[in-house]
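Order of writing sets the labels: A, B, C and D. Residues in every chain begin at 1.
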């Protein structure tokens, strides 16, 4: 196993921040917002599988955004497709990753 | 585990000598070792029969990782290598090359995939994943112990290409090959090079004189010392296989034989000939095919009104899709009982190119265009459509459920074309036609002799059938034969020339070295086991890959004595024609045929190892 | 120059299907090729498609083997995420300046394990899914990308360092910089491809404004075996659509857009997508509004006939505009041509605009000695009828959609021809008579 | 990165778990890369599955399948390249062969559900998983 040199990473990040200057405008806020939205989506799904419009209502998102979020979370294994309900698919939370 | 023990099988320690397998388990930086207990795996493998060393390492593919293998080949006399890591598609060649550097035959290597097919798919059950990895590595060792060294097959090749057909595609192919340094024999059955270019009028999209282009190509061909042109000869037969074809041609009463390593077919197309009475054809003064019209158009003197065969043509109608896009039940079938249901690709643009020339040079002639769809798809083609429309051509779109009807001239009425017009809401219209030009389609030139002697694949549309319509348009299933131009499908001139270049590229690749190097993974024969039963022949899809030959009996233990006791039939493999699918292996009961690198006993032993794990 | 310049027989620019094929056709003749691709993976547009007409082969199934052959070919060096910044002729050879864009990942150490991607907290709309899906700021561009190397999008990176901590090989390098190198080659093949017309080029069609009006590439990703949604859903609300329409010539055959020409592939991809849609949504109603159906290639006519037989509606109509109702259902206003042409409005669940092809943007062409573009914007091929791969500059050849719209098979054919032209040129060069 | 896996050696020596083994024959051109794609997408399936790669499964004689059942395999999935198979006529020959194997299986009283011929391409991830799930059911039903 390679021995991780966390100090080296820290040093590099410091230099990279110096070189780049502040993070691109709005990025940090956006990432925070993403974390909040992700939490809201996963919490909404805690109660059971939801369709996109249901999820949108539960998490306070537009249906379009809600679809984008289940798409993203599905790709990274947090959410799985559930049974069809009418003209919609439902989405359920995957078991928490170790 | 020791194979199935069939007599004569590759018994360990017999033909392979002292087998010493090195097993190397990769952690893939945690990708494998987070799920598979690599230390336990290596430890257990070290005790497995024929394993000389078993090791684990974070990154086997890295330079230090490969160095471990090389060191074991040197110091531990390892002579078979098994690496358990990622998919072989990523690193099989990496490790084969490492073996080569270490002085081992690169095929004495077996790659076991424990990443994509173990650790990444069974991450929730480490014990099961490790057990599976263990079974797979054991199977890998079983296979490795039964591997033979392999060498790439080499077939001597005639460094010369025969190009059949002296039209633009054939000449372009010959020039491209000569340009790449390959000598060429160019066969044209007509008296001069040029093919269909000699009768095309002006070409689109540049408007150049086709005969001038033909002349330019023919001069370029003549200037190439390495192209031998055979004019006026009839090809009677073509034999052979990749690297070794022989073209027999009858030239001036004498037979000549020309050897070639590859063949480029540029046999071209014929114009569709309308059946008697089809849309008025036969009425030569009033109905012409587009090729006839194109050929004559250039030499007609400009004037107010077009004159054709002594008559003033005030109303000129073009009818599209004659002989193309035919529908069953609507169009009468062709000679072979089928309709031409394909699009001929070139006729829309050719018709509008002609229409636009007429409108330019004979402003008093009204042009009508009757089509199903206008397919001016190519670069600059749409401009002819726009141009003709701007200059006053009238466009009609005939309903596809009925054929337009040709009404001959009668009394004061001129000849007309009658159909229902989609663009005026299915109204029935009669378009006057002092001259009706039939935009006839393209059909492949009949080359029955070549198709039969070379067993060329032909498609439902009668054109030669490429190996893959998307990815391999100029190759056919037969090795060493390539398609240039309209023998494969309808094409414009520039497309045919591009196809010629592509066909030349394939031939040049094939003959870039004195010997054609073929994949070693073809069928190999243990002649002493062959009973000459011939079952394999029925199973083989590749003509000539297997054949029965006579062999003297002496020494053929497994062969029952023939009636005369002199010779018996045995199979011979032509490795140049075998594609290595292994279909014959399955039916060879005495196991005289095996697929090199993929022996059945290897798989039996692998299955056994897994079942026993 | 202290550094020896790398030298090749041929420089191939663009690793789409035409560039891949040209490279293989050269390398298999023993020519040394440098293949330069500005995207992080080779494969071009074809690897992004669902299936191909008329065989309905899965596009990635048949593209990946070809990509792998290029990647493993001993005569081909490949540089991805690299741009051609300049090209000039010197002493009869071409000298190119290449800019290797920073991936912020050491390509020699990355093992493609995606640990960094798992760890990254930033989601970004995925360009590979044309915005329908999401990716991380650091990621492998797509599953079958070649090379399988991660790349970091510094514009969306907060420099949190989670990826570096997750990486098992310490390959992430936040300090990596773009690097220019010089190479030289005897001949050049431009396989620079195409772009599509903008979704909002015809604003009255609603593209880029209405959520359920899609580009053809987005439709490909709806249909791809592992596309963004993994199935066909409409973007506004995830509903399974029941009625889908194609608007043909939505970016071609239109002088007002500067695209008077036919884009050649749209009739066929619409017919193909319609067939695939009707396969995955058997009850859906699928309509293609068209001017002419241009099914001119081998087997294409029969393919369209099959689509008709499957119940796809081909409607000859002029589409005036596309709007939407309160539920984001696109409303198509059209005039049928086969009927009394009264304007009518048809409501669909999803509309796909068949955009046209534009020349691939390649800034280098502007200062590219002697290689001219034709008035249509694509590279000029002045000797078109007999030698379509030649450009206006001797020694520079073109393949694929660099010289105008073309489908895959025509691009492949032309790539072979460009390769042969390059071989012939190199030999004449060797003989001292270029 | 997680902890390096350590597995109790007794568990390894204990042989298989509950499930009977499934042998999967894949092709170099299509289904083997298809199986890889399943892993690249980090999907998951039963570990009692063992994948062989061959140029084409048409090389296996009828007996090979029967011997595998004798050796203790619960099921065999033959994942061919189907219509985009690089070998002419191989798929037809293979399916004819599998049909003959079915007859022999019937003679021997082996459920024909334990052998299946299917086609898998390089990105058929869902189909791959479905085939394994179905074969698991067939094998468990024995």
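Keep in mind that, in the parts below, contacts are C-beta pairs under 8 Å (C-beta built on N, C-alpha and C of every residue); 3 or more make two chains touch, one makes a residue touch a chain.
It should be emphasised that the depicted structure is a prediction, and the values quoted were computed from it without experimental measurement.
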Comparison of C-D and B-C by number of C-beta pairs in contact, larger one: B-C
Centroid comparison with chain C (C-alpha atoms), farthest chain: D
Cα-centroid distance, chain C relative to chain D, in whole angstrom: 36
Centre-to-centre distance between chain C and chain B (centres being mean Cα positions), rounded to whole Å: 24
Euclidean distance of C-alpha centroids - chain A vs chain C, Å: 29
Where chain A touches two or more other chains at once, by residue number: 1-2
Chain B residues counted as touching two or more neighbouring chains: 27, 29-30, 89
Sites on chain D at which at least two other chains make contact: 1-2, 4, 33, 40, 42
Chain B-facing residues of chain D, complex: 1-9, 11-12, 15-17, 21, 23, 32-33, 35-36, 38-40, 42-45, 47-56, 58-62, 64, 67-68, 71-73, 86-90, 93, 97
Residues of chain D defined as touching chain C within the complex: 1, 29-30, 33, 37, 40-41, 84, 121-126
Residue ranges of chain C touching chain D (in the complex, touch as defined): 55, 57-58, 60-62, 64-65, 115, 143-144, 166, 168, 225-226, 230
Residues on chain C engaged by chain B in the complex (per definition of touch): 25, 28-30, 52, 54-55, 57, 62, 66, 68, 72, 111, 113, 115, 148, 168-169, 253, 260-262, 264, 292-302, 305, 316, 337-341, 376, 378, 381, 384-389, 403-404, 408-410, 412-421, 423-424, 427-428
Chain C-touching residues of chain B, taken from the complex the two chains share: 28-31, 59, 61, 89-90, 93, 168, 172, 175-176, 179-181, 203, 205-206, 208, 213, 216-217, 325, 341-343, 345, 373-383, 386, 397, 422-423, 425-426, 461, 463, 468-471, 473-474, 488-490, 493-495, 497-506, 508-509, 512-513
